[in-house]
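Each of the next two complexes has subunit A plus one other chain: subunit B in the first, subunit C in the second.
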Partner chain A sequence: MIIYWLELRKLLASAAVWGFLAACLLFNLFIIGNFRDEYADDVAAVSKVTGVALGQSFHDRLSRVTADGGQAAIHLERLRLETDGVTDVFEGYRTESIAERYIAAAGARGYFAKAMRDKYAALQKVVEEKAKRDESLSLYFAGSTYTRHRMLFNTLMGWLLVEGALIAALAALLSAGYEEIFRTGHIVYSTRTGRRILRPKLSASLTAGLGAWALLALLSLAVCFGMNEYGEVWRSNVSSLFNYRFDWIAGMRPFVTWHSFSVLAYLLAVLAAGTGLVACFSLMAFGLGIWVRNSYIAFLLFLAANAAMVAVPVLVPQTWMAGLAVRYLSMLTPVWLWLKRSLWFTDGDADIIWVHFETVGLCASLAVLAAFCLHAGICFRKRNLA
Partner chain B sequence: MRIVLHEMRKIWNLKIVLVLALLCAMYYVIFMSVHIDYFRTSHSQTEEVDYAAELVRRYGPTLEADEYAEFVRETREKLKAEMEAYIRSSPVFAAAGIHSFEDYERVYEKTDRTEAEDKAVWALLGEEAGFVRFRLQALEKIEASYHNFTEIVLPRMLEDAANEKERDRIAAVMETEEYRNIMEWWVYDNTIAYTLDLAVLSVLAVLVLVSPLIVGDRARKVHLLQYSAKEGRRILGKQLAAVLLSAFLLTTLLLAVFGAIYSKNGTWVFFDSGLTSFLNDSVFWFGVTYGQYVLLYVGLLYILCLGTAAMAFMLSMHSRNQITLILKLIPLFAALAFFCVLVFRQMFGLNNILYRWTMIPGIEPAVCVFVCMIGVAAALRLVRREQKTDVADGT
Partner chain C sequence: MLAVNHVTKKYGRFAALEDITIEFTGGVYALLAPNGSGKTTLIKMLATLLFPTSGEILWEGMDITRLGERYREVIGYLPQEFGYYRNQTPRQFLHYLAALKGIDRAAARRKVAELLELVSLGHVIDTKMRKFSGGMIQRVGIAQALLNDPQILILDEPTAGLDPKERVRFRNLISELSKDRIVILSTHIVSDIETIANRVIMLKDHRLFINDSPAGICRTLSGKVYETWETDRIPGPYFTLTQRQENGRTLVRFVSEDGCPEPARPVEPNLEDVFLYVYRDQVM
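The block that comes next holds the complex of A and B.
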């Protein structure tokens, strides 16, 4: 345990790490500062009085809300217009056509076409459940829902994950390559602990990486929610009729999640999945750091490996079944999970054929990368370091 | 010079060069290939670019009023004849009650077409008919641009001008008829997007290649050994020279490779065409041509890459190991990539972000030179300061 703490101290003692964290935080503040939306703030403020379940009682309470005039009055009127006469978007909503469009666009055949159809058959049941529960009759941020949802779960979360992944990867490389960098390997590896030191090193780098991600997320989100009013919107359902998603194949359609998520629950679920994703990048970097003794080249390889993961589905011809398999399996890799972050816990898009792709992808990636690290560690035990 | 060459050999480390080549290839596949693979693949973009190229070949870089009238008349007649012939030869049209070009246009405008009419409309838009209706659409777009630019676009720009300088420039364009240049917007937009991506890649490649030199030496305390040799602390100046020379070589290599790839698009036909054009929908501060624009871009890219190399040298000197170096390089790369967007998007245009912020026409090259000078001057100052640094404590 003492070695773990010493390794962790080594990582945290670097001023550059803290400087990088500060730079990331500054950048996040810049992003958050650029996303001011007064209408959304006013909707959130009104939600404290009206609640978030749309219906007659909502309208009764909304009609009692008054504004002092100016912008607030305009916003109140807009909210009345937007919420007046709304209907459940899941009532009579069919998902089969989405599957057929995705199959046609991707040229999916055989097992892949069947998997896509199965996914949307499963989604149809979810939609029917949502219709029964009137899940879409939820306020969220009314007309500002799409922009605010994207701002938090796509833009800010996307940058947070990039920053977390980078810092976790660099912490892992620093930990794995520390003895090489400071020329202490021959002393460390000749001690009683010897090469078993990799275990505390891995634990320390995971702790440092995940800790840095947690710190960044905590501070950035605290500022974000401090600057943007959320009121009762936390209790809104993310599958609100005001929330939607768009792709060029299936067009604009409701934001359907496999489970019923309030905004707060969805945020927590995304943060949990994000933690898993950062851990994946940390494991990948640690494994590479053991294989490649030069930390600089290891980092370049880390970048190249992730870039290759992005490029492979583009390069492989989709006319082969193997090409399709590569494409769909690639979506389970950490870098593609990051690229598809705005679709986590939903049905995904034309590239995704499996239900709960983010959970499957994270579990598979964690398992493969843990095995990769283990294998690298076993090989390292026998490596000639002379 | 011998020492500079040896330092360059250290910089061009085979492993780093190979990984860098892999990174460049991946970057190309992910970001840049789209500008090559999908250029002139949609309609009527293809036809618009083809007509613009034809105009340049027939009339040179500018289009006078009589030339415009001749081109439109001739092309329209030719297209009409082609369509008439196709309509007469194919039974699809007769089935839809279409017997002439006028009939076709009447059906084309309809919103509630029958299945037969729909089939007939798509027949002239298809490959079998040589995309002839798209060619007509492109011609109509040229006609619309020719009239709208002087009657709507320029007057609106004049109205919306932010200051007197902008008004003077737009008035000068109207007076001198500079808008008669033939520069297709798709070509300009494609070149801008590709060159911007190339600039970001060049900055990344320079940072990756030159940064490890100093930090590697310092981590192994080789610099102390070097300082005690005959060359002494002058070695640092030579290392800076090696870094700058390597950055220059790498930029040349990247420009040669990615320039050669871009030549596939065949946009060089517009080399002498001015950018301020009725087809480009924009006004630029100077009467710069497409060719001059590209050459200026190349010059600025060299300047930017040299500045980048000097900054990387500084960061490398202030880093204890390669990981702390990377932690410093990432924010530097982000800042430089953002800087590339500021400089190279709509360079010299009235909508360039840097110009919009400062309201100084032609600020882009000045800022590039400034960044390079700051980087090189700071690196030189560091080199001079190192001459007097006490290294007895072993740092």
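The block that comes next holds the complex of A and C.
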């Protein structure tokens, strides 16, 4: 345990890690500062009075809300118009056609076409459940929902995940390559602990990487929620009728999650999945750092490996079954999970044939990358350290 | 006992060491050979950083690779290129290495202070090492090698960077330490080991050339080393060992295999004579 703390202290003493963390935080503040939506703030403020469940009670309370004129009055009127006469979007909503469009677009056949149909058959049941519970009759940010949702779960979360992945990779490569950088390997690896030091090094780099990601997320989100009013919107259902998603194959359609998530629960779920994703990148970098003892080359390899993962499904011909398998399996890799971050906990899109793709992808990636690190560690124990 | 049995180390087709067999029991063993002769390769194998291509290294009859940490806990190692964390103090660095060596905190605290005093670094125990001279860093290296009170002390070019006074102190320290342990010391500086080595091991062409006491090694040139002021009067082939200027004249020390008449006079060979003669055809 003491070796773990000493390894962690070595990482925490690194100016590079803290410098990068500070730069990321500044960048996030710039992004957050550039996003202002006063209407959404007013909706959030009104939600404290009206609640977020759309219905007669909501309209009664909304009618009693007054504004002093100016922009607030305009926003109040806009909210009344947007919420007046809304209906449950899940009532009578059918998902089969989405499956067929995706199958046709991807040229999926055999098992893959069946998996896609099965996924949307399962989604149909979820939609029916949501219809029974009137889940879509939820305020969220009314007409500003799409932009606010995208800003938090696509833009900001996207940057946070990139930054978290890079800091975790930096910490992992620093930890794996520390003795190489300071030329202390011969002393360290000839001690009683010897090459088993990789275990505490891995634990320390995971702690440092995930800790940095948590700190970055905590500070960035605190600023974001400090500057943008959420009020009762936290309790809104994320599958609100005002929330939607768009792709060129299936067009505009409701934002359907496999489970019923409030905005707060969805945020926590995304943060939990994000933590898993950052851990994946940390493991990947650590494994590479052991294989390639030079941290700079290892970092270039880390970037190249992720770029290759993005390129492979695009470059592999989809006219044969193996090509389709490569495409669908690639979506479970960490870099594709990041690219599809705005679809986590939903049915995904034409590239995704499995239910809960983010959970499956994270579990598979963590298992594969842990095995990769284990293998790298075993090889390292047998390696000549000239 | 530490035994190296028929050890060969190859890198592809290049053999860095071939069929080396040595037994280490107690005292100072000096690995004396020019650079590139395989000293560091042998030292690294003893420190478990390299693995033999063939042959085995045994500690108390068991293969050191299989013994793993049970072997590593009895060794102290100072590598040729001693790296350190520039932003740490000697106290922090030695505490870190003490943890890696499995020494408990209380014992480490006492040992670290004691060893830093021993190597005359007690006054800079909390100074960051980036401010240290090469000699001071080397002394930190010596201290860390002694942290676990090792039964086998392996030192690769330990006197590099030390000034003459420090070298003498170091020699005395090694001599003291060797009373109850094996000290394996690699060097190409004869004066480092001349007075303290119990056995001198010389490698040539990547093979074991001699493993004998310093006196025994010197005897190999007995009756063949001469000195003269008048080299132009020396008949036959000879190999010049050293030259010294005195009162505007040159005193030449040389080896002649066939004996040498006046004006050359025979002298007692020393370890440096043997070293220079054995490695006469190698670039040093």
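Going forward, the second predicted complex is superposed on the first by the 386 of 386 C-alpha atoms of A that agree within 3 Å, B and C clash if a C-alpha of one lies under 4 Å from a C-alpha of the other, contacts with A are read in each partner's own complex, and residues count from 1 in each chain.
Just so we're on the same page, a residue touches a chain if its C-beta (ideal position, glycine included) is under 8 Å from a C-beta of that chain, and two chains touch if they have at least 3 such contacts.
This structure is a prediction, so every number in the text was calculated from the model and none was measured.
Novice: Evaluate whether subunit B and subunit C can sit on subunit A together after superposition, giving fit or clash.
Specialist: Subunit B/subunit C on subunit A - fit side by side.
Novice: With the two structures laid over each other on chain A, which partner does A:185 touch: subunit B (first), subunit C (second), both, or neither?
Specialist: After superposing on A, A:185 lies in contact with subunit C but is clear of subunit B.
Novice: Touch check for A:252: first (subunit B), second (subunit C), both, or neither?
Specialist: Neither: A:252 stays clear of subunit B and subunit C.
Novice: For A:322, decide between first (touching subunit B), second (touching subunit C), both and neither.
Specialist: Neither partner.
Novice: Quick check on the superposed pair: does A:3 touch subunit B, subunit C, both, or neither? Answer first, second, both or neither.
Specialist: second
Novice: With both complexes placed on chain A, how many Å separate the closest C-alpha atoms of subunit B and subunit C?
Specialist: Closest C-alpha pair between subunit B and subunit C: 5 Å.
Novice: Which subunit A residues contact subunit B in one complex and subunit C in the other?
Specialist: After superposing on chain A, subunit A residues 182-183 contact both subunit B and subunit C.
Novice: Would you mind writing out the residues of subunit B in touch with subunit A in their complex?
Specialist: 15-16, 19-20, 22-23, 26-27, 29-30, 208, 212, 219-220, 319, 321-328, 330-331, 334
Novice: Show which residues of subunit A lie in contact with subunit B when the two form their complex.
Specialist: The touching residues are 14, 16-17, 19-20, 23, 27, 166, 170, 173-174, 177, 181-183, 294-297, 299-301, 303-304, 307-308, 310-311, 314-315.
Novice: Any idea which subunit C residues touch subunit A in the complex?
Specialist: 44, 47-51, 68-69, 72-73, 75, 77, 79, 81-87, 96-97, 99-102, 105, 141, 144, 148
Novice: Which of the residues in subunit A come into contact with subunit C in the complex?
Specialist: 2-3, 6, 10, 13, 179, 182-194, 196-197, 382, 384-386
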